[in-house]
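Below you'll find a set of structures to go through.
Each of the next two complexes has chain A plus one other chain: chain B in the first, chain C in the second.
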Partner chain A sequence: MKSFLSVFRSLALLEKTVEKCYISLNGRSSRLVVQLHCKYGVRKIHNLSFQDCESLQAVFDPASCPHVLRAPAKVLGEAVLPFPPALAEVTLGVSHGRRVILRSYQEEEADSTVRAMVTEMSIAEEDFQQLQAQEGVAVTFCLKEFRGLLSFAESANLSLSIHFDTPGRPAIFTIEDSLLDGHFVLATLSEPDLQSQDLSSQQPRQPEPPLQAHSTPNLDDFTNDDIDSYMIAMETTLASEGSRALPSFSISPGPQPPCSPGPNSEDDEAEPSTVPGTPPPKKFRSLFFGSILAPVHSPQAPSPVLAEDSEGEG
Partner chain B sequence: MPLLTQQIQAEDDQYSLVASLDNVRNLSTILKAIHFQDYATCFATKNGIKVTVEKAKCVQANAFIQAGIFQEFMVREESVTFRIHLTVLLDCLSIFGSSPMPGTLTALRMCYQGYGYPLMLFLEEGGVVTVCKINTQEPEETLDFDFCSTNVINKIILQSEGLREAFSELDMTSEVLQITMSPDKPYFRLSTFGNAGSSHLDYPKDSDLMEAFHCNQTQINRYKISLLKPSTKALVLSCKVSIRTDNRGFLSLQYMIRNEDGQISFVEYYCCPDEEVPES
Partner chain C sequence: MKFRAKIADTGCLNHFTRISNMIAKLAKTCTLRISPDKLNFILSDKVANGGVSMWCELEQENFFSEFQMEGISAENNEIYIELTAENLSRALKTAQNAKALKIKLTNKHFPCLTVSVDLLSISSSSRIVTHDIPIKVIPRKLWKDLQEPVVPDFDVSIYLPVLKTMKSVVEKMKNISSYLIIEANLNGELNLKIETELVCVTTHFKDLGRPPLASGSASQGRNPEQMAEVRIDVKKLLQFLAGQQVNPTKALCNIVNNKIVHFDLLHEDVSLQYFIPALS
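Moving on, here comes the complex of A and B:
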């Protein structure tokens, strides 16, 4: 391919000087002959050697795909712009409200402690010339190839049709005009629960807040032992604190951290979790009332996600 | 340049060569066209200066800057010859910067006292004067390609614009550049044989680019492409090029270069053929 491309290396020059181009195959000498007829009668002849090889024939039929999207390549081209250049795969699907979603795909094995950036673009149905797909369907394919075929379609100012089926079945991208007819077939990831990967959910997926890391060890101590040891711990703490601590026990599980200048946190309230004796009153509260408060430093309402399926009894 | 002449007037008698230019680029541009080796031999007579660069005893480039180009030109003896580091010379000539600023000119005064003395360059731009002293060396014998017009078999004169892109796009994976000159088709053909395959560039004899076409015999010669590639610099600067081959297959390329003031200088390249190619 390289040698063929080098013939057309300088596009500016070609546009200026070349009048005609003849491409022929010389079977006898195994040469692909490219003849460029240029201005002033000048002729460039390139004899490129080639080899016979077996070509793989892809078996596909756009008509057999139940879902079709069609949009000007420009619309899709702009939609993939925000994705990180290094991103390998992207998921395309249709969400609630008939919006087409493009989302960056992260492999499950990725280091979950590393919060990868997830990018999602959603395009309204009005921007599509054709949208024949059920809500909730989605397929994942290679972004690099998608970008490549999009830039080609954009340069030719054509619309791109995307025919797809269930995950795992190939997705077929077609462009068409009076001069050419292109079919790009990309494999899609076949994952059983791909469709359930909340393309349709409005809620952002909440990974474990890293803050958890601090409080969890303490929490475990409380949750795994029986109630008696909790009481003992509580009493011990009570003893070391002033009576000031008392009122906090009866306080309802407000999201507020103990606004009393906590006896526990002499330093900044910002980081009580680093102090081994993380305020047991709060913990105790959370245990009983089922909410896990984030450590003091950010007085925020415990989001519902935090009160999730951990081993907490409360 | 009153500043410089005041300084130097008194010492003029001791110099073997004195040359002055109002625009140093009239010299530096031509020298760049032959700058493919570090060292060059300068040969000055009352007619002008010839600067020669050679490589591998196979290719030679000559730059001719006639006396008329200079505002002042004096050569005391029959001829003055010395060898000099061309890269350093060009760096000095371009000391005020090589990109032309509209309206500013750098003036040059070049002086040489003779054998054993360094070449003195006085450059002035906007009142600022730079003095350079470059050591000279024993001149080496330059090759005599013995290329005389009587032995020329084929001669073509082309407008440079037609060859420029072709030369800059030559397939460098090819070891040789094959030149075919013939009274019959393909008339004038440049061929390369690279990794991907062969490429041919044909110029018909009746092309608009062809200024003169005198081919008597079909000749196909090959030249090492690495030796000829530097001639692209001269091609880019020139408006016309003459291509000649003699009975031994030696190649002469002569480039006509018009400088900023419209004056003509010549650069020529001589190259000996790579191997005998049986004429087919």
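Moving on, here comes the complex of A and C:
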């Protein structure tokens, strides 16, 4: 592609000087010939050598995807701005209140002591021209590729449609105008069997203290995820000499909800077999599911609320 | 333990972002101390930091329209958390076109400082960006190492020259030597010196003002011509200078001969103190 691109490198110059452009194939000498007929009788001829190759035909059908989002590329382009440039993958889904969420996806390494920052962008339904997806669906795909196709769509001022299915099935991004239509197919991460994440161990996550009360499962709400319950747990384990009387509380035993990843939840490590035609499945951290779905395995009655919420959001 | 605060004013938001960018340049990991009236960014003088320490203080009411905090206990109404400074400045960077910014301590799978920004979008619909910055809560028994450093009884106190000029000088000096001598006297003269086997380079700054002296200070009976000097790691000085992207409202340095240099800056209403110890 590089040699072909170099012919059209300076758009401004091309617009000013080129009157016509002929592209032809010279089969005998295996050359793609690009002739630029410019002003003042100047002709620039580029002979680019090519090789015949087998073309791979991807088999996909946007119509077979149950979920569709459509929005101007500009909206989506703005939506990916807050994510760090080095971020590899992003999760796209629909949450409570029909809001579209983009969330940074972090591969969790068992031995990492330094966690990465998690960024989430939430866009209202009104910004979308079409939103045909239920709350709770989500897929994860490569952000770098997504940024690439977004910048193309933005430059052509087009809308982008995203057709997706269950995690693991490809996501199809389409753009269309009178001159062209484009289909970009990206692989999505598949999630491991949710049952296998149903751990009966209460393995603590490091470096947090071993006692942990589960707060009421409403993680999507900014007002309800106070650090209080965690802090109270920490205080009791540190045997602090403070005079504050701490209420006693019970730890809810039993399966951890699927939304708690941790170094010890990686025992379901048996390599899943690869399905031909799909990328090797990676561990799918259902951090995202945890925040938007009602918990699939609801933990026991939520532990008593230990500290009053401060005033709800205005 | 609770913390939630909101910045509603664009000017305050930009100022807070600038301070955060500065802290990110001065320290990789630092401590944030939250108390009812103030926020402090702290770097304690551990060996890991090369003995450099930092104390940055801002009055919360100059920034936040809403501020609620509840410390570890009633007698210790403070919160100390450790975070990667760059995460905060990256999170604030997305708030450039924001209507409002909220910060809150949360526990989403791990303890976080959650920054939530309401963005202005082309359409009138709301767009919200949330950043969960992972933090470590610092237990009370370690708080004693994170208190405001005592300003030493210094020999010389002098106003600094334009920091950008100092920075460009020190940047060039860094290529020649790893150590630098900073010396100053009470006559408003400050020199930056490097010495190697091949070459000695000194940059002289003159006519710098002298800050008013506290009575009883060590420098009172001192000969105004006599220089007090400190030999320091040039990279540490450069890191400090590089962090000052904006010209401070006030900038002075205090030198204790052969012991430590203390930089005392004021960026509008935010104070920054930075200590670089002498190399043995």
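We adopt the following convention: the second predicted complex is superposed on the first by the 188 of 314 C-alpha atoms of A that agree within 3 Å, B and C clash if a C-alpha of one lies under 4 Å from a C-alpha of the other, contacts with A are read in each partner's own complex, and residues count from 1 in each chain.
The rule we apply is simple: contacts are C-beta pairs under 8 Å (C-beta built on N, C-alpha and C of every residue); 3 or more make two chains touch, one makes a residue touch a chain.
Only a predicted model underlies this, so the values are computations on that prediction, with no experimental measurement involved.
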Is A:His46 touching the first partner chain B, the second partner chain C, both, or neither of them? first
Between chain B and chain C, which one contacts more residues of chain A in the superposed model? C
Thinking of the overlay built on chain A, is A:Glu78 touched by chain B (first), by chain C (second), by both, or by neither? second
By the touch definition at the top of the document, which applies to A:Glu120: first (chain B), second (chain C), both, or neither? second
Which partner does A:Ser10 reach: the first (chain B), the second (chain C), both, or neither? first
Overlap of the chain B and chain C interfaces on chain A comprises residues none
Touching residues on chain B, where the partner in the complex is chain A: 162, 165-166, 169, 171, 195-204, 206-209
Please give the residue numbers of chain A that touch chain B in the complex, ascending. 2-3, 6, 9-10, 13, 17, 31-32, 40-49
Residue ranges of chain C in contact with chain A within the complex: 1-2, 4, 68, 72-76, 84, 87, 90-91, 94, 102, 104-112, 114, 116, 121-123, 125-134, 136-137, 139-141
Per the touch rule, the chain A residues reaching chain C in their complex are 74-75, 78-79, 81-82, 84, 114-124, 126-127, 205, 207-208, 215, 219, 222, 225-231, 234-235, 238, 240, 242-244, 259-261, 287, 290-291, 307, 310
